[in-house]
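Got some structures for you, see below.
Same chain, two partners: chain A is paired with chain B first, then with chain C.
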Partner chain A sequence: MRQFIAALLFVAAAHAAGDAHAEAGEYLSRDAFLEATLETADPASDVVWLDEVLQERATEILGHAPGMLRARYWYSSGRTAWVFDEIGKERPITMGVVIEDGTIRDFRVLTFRESRGWEIRYAFFTRQFDGLGLDGDGELDATIDNISGATLSVRAARRVANLALVLDDVARRTNTKIASTR
Partner chain B sequence: MRIYPFTLVIALLLAAPAQGQTPSLEEVWAIVQQQQREIDALKQQLATTEAELAEADRQIEATGDYVESLAVPATAESGTHIGGYGEVHYNNLDAEDPANDLDQVDFHRFVLFFGHDFTDRVRFFSELELEHSLAGDGAPGEVELEQAYVEFLLTDTLSAKAGLFLLPIGLLNETHEPPTFYGVERNSVESVIVPSTWWEAGATLSGHNDAGLSWDLALHSGLAMPTDGGSAFRVRSGRQKVAEALASDPAMTARLAYTGIPGLSLAASLQYQSDPSQVGGDGLDSGQLIEAHAAYRVGGFSLTGLYARWDFDGTAVEAAGADTQTGWYVEPSYRIATDGRWGFYGRYEDIDGARTQDQYSQWELGFNYWPVDDVVLKFDWRSREHSLSAESGRDFDGFDLGVGYQF
Partner chain C sequence: MQGRPRRWTRRLHRLLGLASCVFLLLIAVTGLALNHADRLGLSQRSAAAPFVLALYGVDAPPVDVAFEAGGSTYALAGGFLVVDDRIVAESRELLGAIAVGRDVLALTDEELLLFAPGGALVERASLSLPAAARRLGTDGDVAVIDAGALLFEIDTAAMNARPAAESGAPDWSIAATLSDGQVRQIGTAVLGRTYNGSRVLNDLHSGRLFPGLGPLIADLAALCLVYLAASGLYLALRRNR
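After this line comes the complex of A and B, so read on.
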């Protein structure tokens, strides 16, 4: 009995030392992500409108309707940057993808809110995305190794990377200013 | 006042043939002024159009924002989450003694998850399970509360739980949704030796770092294993399931895990039971469980291995020869890389539990087919051979079919 009381007191004391209302899991703000990856504090931005064809493609990639009419992106130095929320198991994970020359230059987890799968926020996992592009079927051209116990979070990351690459291709065909920022 | 030369020339060219004579300076001046008024009017119209376009853009953006806000999944916004999994099994086993044949279909597990985020850092999670489809007097199943705890995110790398939770031991105990493992039935080691699904009440502290190293330390309720009868010293029979459980002798579990290389998982758990029967002086005084596992995947190939061992102290458990109980398995598998929808596996297990019927080896071969990521169809063939000839009537060969899902 004494051990249980000690355990509960410990949890209470540890929690009291923290802030119960602070936002959890945000490691990188969107602005900080854009500045770090596009190398400018004020990148240009535009949107890709998801027409019927793109809605269908996004649904195919995500496994559910994308829940957006347009996808905003930022661009500078010939790169585009995309930020999406995608649910792993229960809670949205905010992920940022930077693309240059049709391949992923940077993949970061900005906010992680899930109970399991914390591994995907760290470089030992995200660096697997570096240099990935699309294959002939419009899917990632290399496999991403799973993390045991984090399957759903890994899957969410893979979906976001795939979607960003597809939208980058559309953005570059409709916005010639992206190439001119190189 | 500005006079536009181009306008002036045009005006003169147009005016001259029409009138058949050169216009006077006053007439040219009047034409220029008329043209200027029209230019000003056009400029005004252009400015108005641009303003209207900007307003239309703003309205489109606002409409887009609103429509998208309606499309956000309700569970992500409300802070309350639901999920679940389930599996139905068909077993067709031919035993050495026909009395032990098995030909049955069973909705083995129907599970619902409910969670709620009180704040970003304080949240609740629960798992409610109906086993074998029907519960009640004389029915084969049970309704079980397998998880119900409050989690506190203390920092970005440290968290605590209090309540009823799954113990951090083995591969299956915490992650056992059917699409995540091979085989219709769960492996025997994590049933006989590690009595999954195994939950207790207490508190846990967990942490991790950016190298992929993590740890858990839990103080929780203990086992209450029987010391006589047909299930004497059987670990699985010692689970109290936090149902008015005896709590005089708690237990402690620690786990260290490494997942810093994608595809690789290494973990070891250690548990100490201060009195696994919750009864003093009955010949079962204390117990320690060691469990270790490794899983490595490269491309479509995976290799998984797990070892678990109990050591009990006490005169009665030693006299019964149940003071050491062990089990291990190794499982190679291959998931076809082209579409990832098919996976094939083999498994060999060796079990040495307390009961003689829990002392056997088993071969298993089979496949999983995932029509979509969260749904699985399973088939396997099993062959079990007991260590003692007295139990050979329980030896069997047979196959299993299963359907599972998670959401």
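After this line comes the complex of A and C, so read on.
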């Protein structure tokens, strides 16, 4: 009887561990994300160079140096799409942000690699970003609700959304073609 | 007769209080730091000092492959792409690194990475080629990827690859042999990611940093605290009676 209970517990633990692991992974490729959100398979792309001022602003938002000298974006139909990797606790989470008229139109988690916090991939969380823009201080103009047990992933998502909005503002000022794709 | 157990309880309370104050301080300070680990950026800080690694009894991971280009070393170790002594990306395979003009291109099984002189990352991009990339090289001034029967030209401005029209005889990037010092430097960088401030403080908090005796001492300290709480309550109640 005791052995049976031990076996049962082992199977249950293994099942739970397997489930948790299965939640991490690539949910959407970059190309599929761009096609779904920009409604074209071959969107134009350009880059925003992170000069000293933007490096400082990005460091302020992310809490660490951005680790790149230029950020690529894709654009179509008056929207820009950005894909960033940001570490939640220990491993990078790949997230995509689509912006139109200075507000977020779509936020997606493309790849999640950490062992905890994958709940941020679900629509109940990501739709909180819809319609968000920047306030006067250059930060998100609304709060994002936390998810218990996924605090670091939630914070990473907030940082990426904020950075994308800041860079979108720069991109629109330097690339007039974005507006003309509308 | 009733004074004797109370006297012993008080003496033991004082003795254990003194003995456990060091552990109490350690647990309190590490606990406070762990509670604010994110704000303190502990996960991003390397704690791979030689004495810490000696306590864990770990060796640096071997360098799987390395290339030298543009005055920097591009190496794959422990699942990371390391440039000189900085981790740049997670990677399973490093296929090559070559100088293109003043910049350097590195190719992994998943990504193309462009570096500025000095090894600063300019941009990284995932490539979707119809066949698996095998190696990276240059054909004149153009960077090319060998994907078996197909050859691709890389546009570093757009960070994409298109089929090469015609090819001469590309110079393929060749793996470098590193000195012991370089291997050590790369290994320390990789260990710094795993053995970061958060992990080491957590292990110090629980006693796991000192294998064998550590958890036992942590358990004893915890039992001391339980006794101190119980005896303190007992003594307070007796005094009020």
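We take it that the second predicted complex is superposed on the first by the 158 of 182 C-alpha atoms of A that agree within 3 Å, B and C clash if a C-alpha of one lies under 4 Å from a C-alpha of the other, contacts with A are read in each partner's own complex, and residues count from 1 in each chain.
Heads up, the rule we're going with is that a residue touches a chain if its C-beta (ideal position, glycine included) is under 8 Å from a C-beta of that chain, and two chains touch if they have at least 3 such contacts.
Fair warning: this is a prediction, and the values are worked out from it, not measured in the lab.
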{"item": "First (chain B), second (chain C), both or neither touched by A:Phe125", "value": "first"}
{"item": "Which of chain B and chain C A:Glu100 touches, first, second, both or neither", "value": "neither"}
{"item": "Touching partner for A:Gly25 - first (chain B), second (chain C), both, neither", "value": "first"}
{"item": "Touching partner for A:Asp141 - first (chain B), second (chain C), both, neither", "value": "neither"}
{"item": "Most chain A residues touched (candidates chain B, chain C)", "value": "B"}
{"item": "Contacts of A:Arg72 with chain B and chain C, given as first, second, both or neither", "value": "second"}
{"item": "Which superposed partner A:Pro92 touches (first chain B, second chain C, both, neither)", "value": "both"}
{"item": "Which superposed partner A:Gly63 touches (first chain B, second chain C, both, neither)", "value": "both"}
{"item": "First, second, both or neither for A:Gly149, with chain B first and chain C second", "value": "first"}
{"item": "Residues of chain A contacting chain B in one complex and chain C in the other", "value": "63, 67-70, 87, 89-92, 113, 151, 155"}
{"item": "In the complex, chain B residues that touch chain A", "value": "64, 67-68, 71-73, 75-76, 81, 83, 115, 117, 119-123, 125, 151-156, 158, 160-162, 171, 174-175, 180, 202-203, 205, 208, 210-212, 214, 219, 247-248, 250, 259-263, 265, 295, 297-299, 337, 372-373"}
{"item": "Touch list for chain A against partner chain C, complex", "value": "29-31, 45, 47, 63-64, 67-72, 87, 89-92, 113, 151-152, 155"}
{"item": "In the complex, chain A residues that touch chain B", "value": "1, 3-4, 6-8, 10-11, 14-15, 17-25, 27, 63, 65, 67-70, 85, 87, 89-92, 113, 115-116, 118-119, 122-125, 128, 143-151, 155"}
{"item": "Residue ranges of chain C touching chain A (in the complex, touch as defined)", "value": "38, 41, 43-44, 88, 90, 116, 120-126, 128, 158-159, 193, 196"}
